[in-house]
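Two complexes come next, and they have one chain in common, subunit A, joined by subunit B in the first and subunit C in the second.
Let's turn to the complex of A and B:
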């Protein structure tokens, strides 16, 4: 699929806007460093294997890279700014998604450097799987994780048409990511029942899959199929919901 | 050629009633809410020709925004016929976006942290303007709106007046045939307001752009528009030229006279004395009961006039009167 030039231009603008807001980037890097360091200390005290720190560094990398597109969409809907965007020859949601991708890309690259520097500095060694292609595919999978997570946030943002305050939903989503995605502890540590529940949600394909691929083993075809299913499912849901939102917008004003 | 055709436009909103009372009633209402219908636009019709500059005004909640949203295709009408540039907005919204533009005084289309130039370039890409054509239009508009020195400044560093000039350039960049302006001068100082009004009018005259202006500032209307459409409670209450509005809808005039005589006595039908001092009298004429010519003739018969001034009400007063339905139909 070829992305039209207008959407490429939006991604490029978002990248520049994110680079200009360097203080926000520094804050995010500090937050990332503190989280990884704290858990490194915790894992050391329980004598966990070094790969656990790498696992956490990778999952946090994915989560902190993703732009808060849900709040952006919510603000547009609540303030009526969405009307301004709908008067342009572009798809509003694709515009916001591209903007989110641009912002996330800058964060992903910077936090990626931090992830490997910090991981190497704290552990003193790379994860066990150090083949170059493993790393390249691992990074690609992490990008896919960011994509999937962004789609969930777009879906939550759209719910602003009905729910005035989406903050609760965003926090619930974060909690679900924490629990079902294996943000801190890999899903292999879960009981069978909890693991089954987790795999019924999209969250393992956001965090567990890329982190597990880089630090342990994972069935690549299963993982990719699961990711594709959730991407397809979410795109369909967002499409239907957006159409409903437009109808609602037409009815209620805005 | 008509650019906008609106015939018997109706828009109803169905709004859920908020439940009060017991917990049971609230739950019941939540499961099966009762609705009531709000008539936002009530059977209005008008047409706009190419290049016309029309003020579309009314008090808050009159139905202006709803009508504009229908004209832009964002909302669907409940009934009636709408055509913008020979297209039905609710069906051809995407195609229409290339030919229409909007300026909302209280919102911004510029990227806050980036230089103005970058947003303009992005808009060039969004509207698929070829590079050479974009450079030409950018050069013309930036020079005309005097924003060349602002192009490399981040938007956050611009004053409100500067930002509005950039917003308008951004809206004219794709040469829209119809431009919707919503309070384009809100919050600006007098100098900035004058500049913005002049530039909008000049640009519209040169490009033949149809303007539909919504503003509570009557100076915006007077300086930019030739025609006024007033709606209230969803109904069209007036559609006339600005000149006709000023001449036909004036019910009162104020006459001030300076006379040779020190004491002036005055008591005539349809007039009210507003101020009386030695050699000076100020009266208000109710034009439904008397005429200015008659009053002046009577003055001339009785007193020796040294000076005479006649003042009509401001456009603001006329519009306020119309809003109050205080005018003879």
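Let's turn to the complex of A and C:
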């Protein structure tokens, strides 16, 4: 699928905008460094295997790369700004999604470097599976994870048509990612029951899949199927919800 | 007395505002409780695998989450304005607060309240009860909770003041606050070296989550003393940083009204 030039322009604009907001980027990098180093100390104190630190560095990389598109959509809806975007010859949600991709791309590249450097500096070695193609595919899976997570955030953002304050939903989503996505420990540590519940949610395909692939083994076809299902499901949900939102908007008088 | 009345009126106003959207308010509260509990589910499996982190077990972790959650909940419920401090400075909107015959810091802090943070207070209480320490050491827990509230108040004030020294600092401050909360809610006993020093000095979250738990775990009184002394000093430092920064503040001459 080829992206029209107007959306490519949005992505490039978002990239430049993100680069200008350096304080936000610095904050992100500090946050990333602090979390990874903090857990490195925790894992060291319990004498966990070095791959655990790599696992965490990768999951944090994915989660912190994603831009807060939910708040942006919510702000547009609450302020009525969305009306002005609707007048433009582009789909509002694709516009916001492309913007989110541009922002996430900058963060993803920067945090990727941090992940690699910090992981290597702390552990002194690469993860056990150090083949080049494993890394390349792992990075690709991480990007897919960011895409899926961004879609969830778009869905949450749209909910602000009905729920005025989405902040708590965003935090709930973050916590669910922490718990069901296996942010600090792989899902293999969980009980069978919770593991089953986790795999019924989209979260393992955001974090667990890429991190586990780079540090251990994953059934790729199973993982890709799970990811595709949730992408498809979320796109459908967002489409339906957006249609409802528009109707709701017209009834309310815009 | 004047401030108590002011606090009461601010709480009542915020409560009425929150209840205007009753359904959203209760949903928010429930989600906040679920959110906190989900964190502990993941930690439970961590502790099942590794048992103890430098003497801390899962029960200590629950207690720490309870104390930190309760403290953050209280400050966000009654003094949420502090979380907006960097934005207020960024937008040069401090004038409204400076012109009133009230203490500036308290006025900013009480200008906004987030009653959905009551969920954090409720979760905090549940967790402290579940850890068993509320019954075992009731007066000490009360003192620790008071210290916790003072500490979180100081922390948000201290971080918000960055806005005086840095342009467009709001996002940065938000990330830093998140950092501080994350550092405070991990098993502090595992921290070593420079990182430990950081949690005692620049970002002294140890006074909130390390010393109180160490006291309750070991019974050694000096930990409680350190927590109390450190928090008092930190409050003083935050207060001083605010008034030092205030000298750098430039009015935007903006006409604004408060919601």
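Brief remarks on what is shown
Assume the second predicted complex is superposed on the first by the 253 of 254 C-alpha atoms of A that agree within 3 Å, B and C clash if a C-alpha of one lies under 4 Å from a C-alpha of the other, contacts with A are read in each partner's own complex, and residues count from 1 in each chain.
Criterion: contacts are C-beta pairs under 8 Å (C-beta built on N, C-alpha and C of every residue); 3 or more make two chains touch, one makes a residue touch a chain.
For clarity, every value in this text was computed on a predicted model and none was experimentally measured.
Partners subunit B and subunit C, once the complexes are superposed on subunit A, both fit on it without clashing.
Look at A:86: by the touch rule set out above, it reaches subunit B but stays clear of subunit C. Of the two partner chains, subunit B is the only one that A:5 touches; subunit C does not reach it. Once chain A of one complex is fitted onto chain A of the other, the partner contacts of A:31 are limited to subunit C, with no touch recorded for subunit B.
With both structures placed on the common chain, the touch criterion links A:21 to subunit B and to subunit C.
Look at A:183: by the touch rule set out above, it reaches subunit C but stays clear of subunit B. Figure note: vertex subunit A, arms to subunit B and subunit C, all at CA centres after fitting on chain A; angle 80 degrees, rounded to a multiple of 10.
In the superposition on chain A, no contact is made by A:117 with either subunit B or subunit C. Ranked by how many residues of subunit A each touches, subunit B and subunit C are led by C.
Contacts of A:236 after superposition on the shared chain: neither subunit B nor subunit C is touched. Using the contact criterion defined above for the overlaid structures, shared-chain residue A:136 touches neither subunit B nor subunit C, since it reaches no partner. Smallest inter-chain Cα distance, subunit B versus subunit C, after superposition on the shared chain: 9 Å.
Taken together, the two structures place residues 21 of subunit A in contact with subunit B in one case and with subunit C in the other. Across the interface of their complex, subunit B is touched by residues 5-6, 8-10, 13, 16-17, 20-21, 79-81, 83-84, 86-90, 249-253 of subunit A. Interface residues of subunit C facing subunit A in the complex, by the touch rule stated above, are 21, 24, 27-28, 31-32, 34-36, 38-39, 41-42, 45-46, 48-54, 116, 166, 168-169, 171-172, 174-176, 178-179, 182-183, 186-187, 189-192, 195. Residues of subunit B touching subunit A in their complex: 13-15, 40, 65-66, 69, 72, 74-76, 93-94, 97-98, 100-102, 104, 107, 109, 111, 113-114, 118-119, 121-122, 125-128, 154. Interface residues of subunit A, counted against subunit C in their complex, comprise 21, 23-24, 26-28, 30-31, 34-35, 37-39, 41-42, 44-46, 48, 163-165, 168-169, 171-172, 175-176, 178-179, 182-185, 189-191, 194.
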